[in-house]
Amino acid sequence: MNKAEEFFARRAHQNDILLDRADLSVKRFFALDNTVYKEGEIPAKYKELLGLVASTVLRCDDCITYHILQAKKEGASYAEIEETLAIALSVGGSITIPHLRTAFDFLETLRN
Amino acid sequence: MNKAEEFFARRAHQNDILLDRADLSVKRFFALDNTVYKEGEIPAKYKELLGLVASTVLRCDDCITYHILQAKKEGASYAEIEETLAIALSVGGSITIPHLRTAFDFLETLRN
Amino acid sequence: MNKAEEFFARRAHQNDILLDRADLSVKRFFALDNTVYKEGEIPAKYKELLGLVASTVLRCDDCITYHILQAKKEGASYAEIEETLAIALSVGGSITIPHLRTAFDFLETLRN
Amino acid sequence: MNKAEEFFARRAHQNDILLDRADLSVKRFFALDNTVYKEGEIPAKYKELLGLVASTVLRCDDCITYHILQAKKEGASYAEIEETLAIALSVGGSITIPHLRTAFDFLETLRN
Amino acid sequence: MNKAEEFFARRAHQNDILLDRADLSVKRFFALDNTVYKEGEIPAKYKELLGLVASTVLRCDDCITYHILQAKKEGASYAEIEETLAIALSVGGSITIPHLRTAFDFLETLRN
Amino acid sequence: MNKAEEFFARRAHQNDILLDRADLSVKRFFALDNTVYKEGEIPAKYKELLGLVASTVLRCDDCITYHILQAKKEGASYAEIEETLAIALSVGGSITIPHLRTAFDFLETLRN
């Protein structure tokens, strides 16, 4: 398994535990959270970049990794991902830098 | 003056006071913060929507108003702005709702 | 109209504008956000206090006012609301104090 | 030692180092932070759930684990803890999901 | 009354209401929060600047105003306050800019 | 290599990857973020303590470690660092405690 497959496998496993126990409202939230990233007036690729910038300014490494992988799936280039991270840095300041480091490390792994 | 002109006039006035007094690093930050929204691999319209989603999850009304107006200037439709706000709500949760109310009120004003 | 009626009237008006324009996912989120506070294993009164402490540590005045009024409706005493705010202050620190001031002012209005 | 005992042992060890060096104001803060969770108008069980929802929306895994264990000690059921996490998810949005995953994993460990 | 006197008068009035109703733990927190800014190994002036930078990255206008006035009382120069705000901007990013505008406006009022 | 040397080596390595790929605006941000901590009206030592308190209330362990090491380089005593952390705890509340534990552990390592 490559890095991306590992990430999705672990995530699926954890979601299974969570959704097995969680009540209906949590299940509905998960469904809803999938819906908002679907192709609409805004193409799916840009929606994933919206998810990425939000995840970065809120400083959630797991969410950053997820949206990078989803953005790649939807056809985003490395340059588009990097421009998104540059906006996150400007909005969120130097406190986001450790998360940018992790993101750029992960992008490097994907390139190789 | 309409709502948008008022907003930009007040903003320009406050920035003048700030930049008149602020030291070089602050001036440079302001310049940098303009640069990241410039047309690049990602079109300027989507960059403003990236700014909008980041501002909404971080719950800054002033920043939300600014990026809505900039997104409109760059050709974003109301539907695109509303899809962006829907992503912000899903990522940021119900604590963002008061800011969504303000945003939708402002959008209604722009429509009229 | 008293303070509480005014608050709910303004809120209802703003929600009407928002929900009139918002897409399906936003409407669903609003429905979901109502569901989680319904009587369950945890009585509705304590669920509103959970909403109150979350709103206070996240520093949202509008949400604080809402959950205070809902908690009162569900039978919470002033002492219970004040103990909830004391927990919020300890978890969230002195940065929450301006919001506690607003909350205690509002509670004083309700008492009179 | 089971998971809960391990957690409290590690925590006690770290607190010892901290409180050995920290000045009087830090020691007082620690004492104060214990006080607010004591049985009062609100029973201790619900106070721990208040601590849990605050910890979840503020996204602190260590604090989540602590308040889950304390809530269990005070007699909270799994269903009550899960309803509390559902409120946290609704208030705090999808950015809290990685912390919910960790919380549900931990609850699964406690059940076994 | 000048701006600073007005600010402290309003603050004192609100604190009176709060402390009249609040329980012992809240009163103790207020006492504690005063203690940490007292002259120690770090001179009081720099402690107020520490309070100012923390308030700015956490984006609390009321707290920013308070620590600016306290820093002035302890002998901080405008340049020292502005350097502190420059650090806050770099750490916290452009989302802090609306609060910097308010801070620089307030500093301008103090100068006149 | 001691703890401090390890930290700076890892940091330099990650920054190299990031800055190799990042666009001009990110490089400029990094340069800017160095500038604000340079000796000015406020001595460099206190500027590092300003960085430390901001990092602590924003709960970034990596940033806390960095500013502790920089503050030591600029001549800060352990007592000054501990007073800074006490202010962070009061402003940011008990949610910062896990980060204080990590900070005090790290300080203990430096002492030995």
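Structural remarks
A, B, C, D, E and F are the chain letters, set down in written order, and residue numbers restart from 1 in every chain.
Quick note on the criterion: a residue touches a chain if its C-beta (ideal position, glycine included) is under 8 Å from a C-beta of that chain, and two chains touch if they have at least 3 such contacts.
Quantities reported herein were computed from a predicted structural model and do not represent experimental measurements.
The interface with the greater count of contacting C-beta pairs, when A-E is set against B-F, is A-E. Two copies of one chain, chain A and chain F, form a contact in which under half of the residue numbers belong to both partners. In summary, the interface at B-D recurs among the listed pairs E-F, A-B or A-E; the equivalent pair, sharing over half of its contacts by residue number, is A-E.
The most distant chain from chain A is E, comparing centres defined as mean Cα coordinates. The rotation that brings the Cα trace of chain C onto that of chain D spans 180°, given to the nearest 5.
Inter-chain spacing, taken between the CA centroids of chain A and chain D, is 27 Å.
Centres computed as Cα averages put chain A at a distance of 31 Å from chain C.
Contact of a single residue of chain C with at least two other chains is seen at positions 23, 25, 29, 32-33, 36, 40, 54-55, 57-58, 83, 86, 89-92, 94-95. Shown here, the protein chains touch in all possible pairs.
Residue ranges on chain D touching chain B, taken from their complex, read 57, 89-96. Against chain B, in their complex, chain F makes its touches with residues 23-25, 28-29, 32, 35-36, 40. Remark: chain C residues 59, 78, 82-83, 85-86, 89-90, 94-95, 97-98, 100-101, 104-105, 107-108 touch chain E in the complex.
Looking at the complex, you find that chain B touches chain A at residues 32-33, 36-37, 40-42, 46-47, 49-51, 53-55, 57-58, 77, 79-80, 83-84, 86-92.
Of all residues in chain A, only 14-15, 17-18, 21-23, 25-26, 29-30, 33, 54-55, 58, 60, 62-63 touch chain D in the complex they form.
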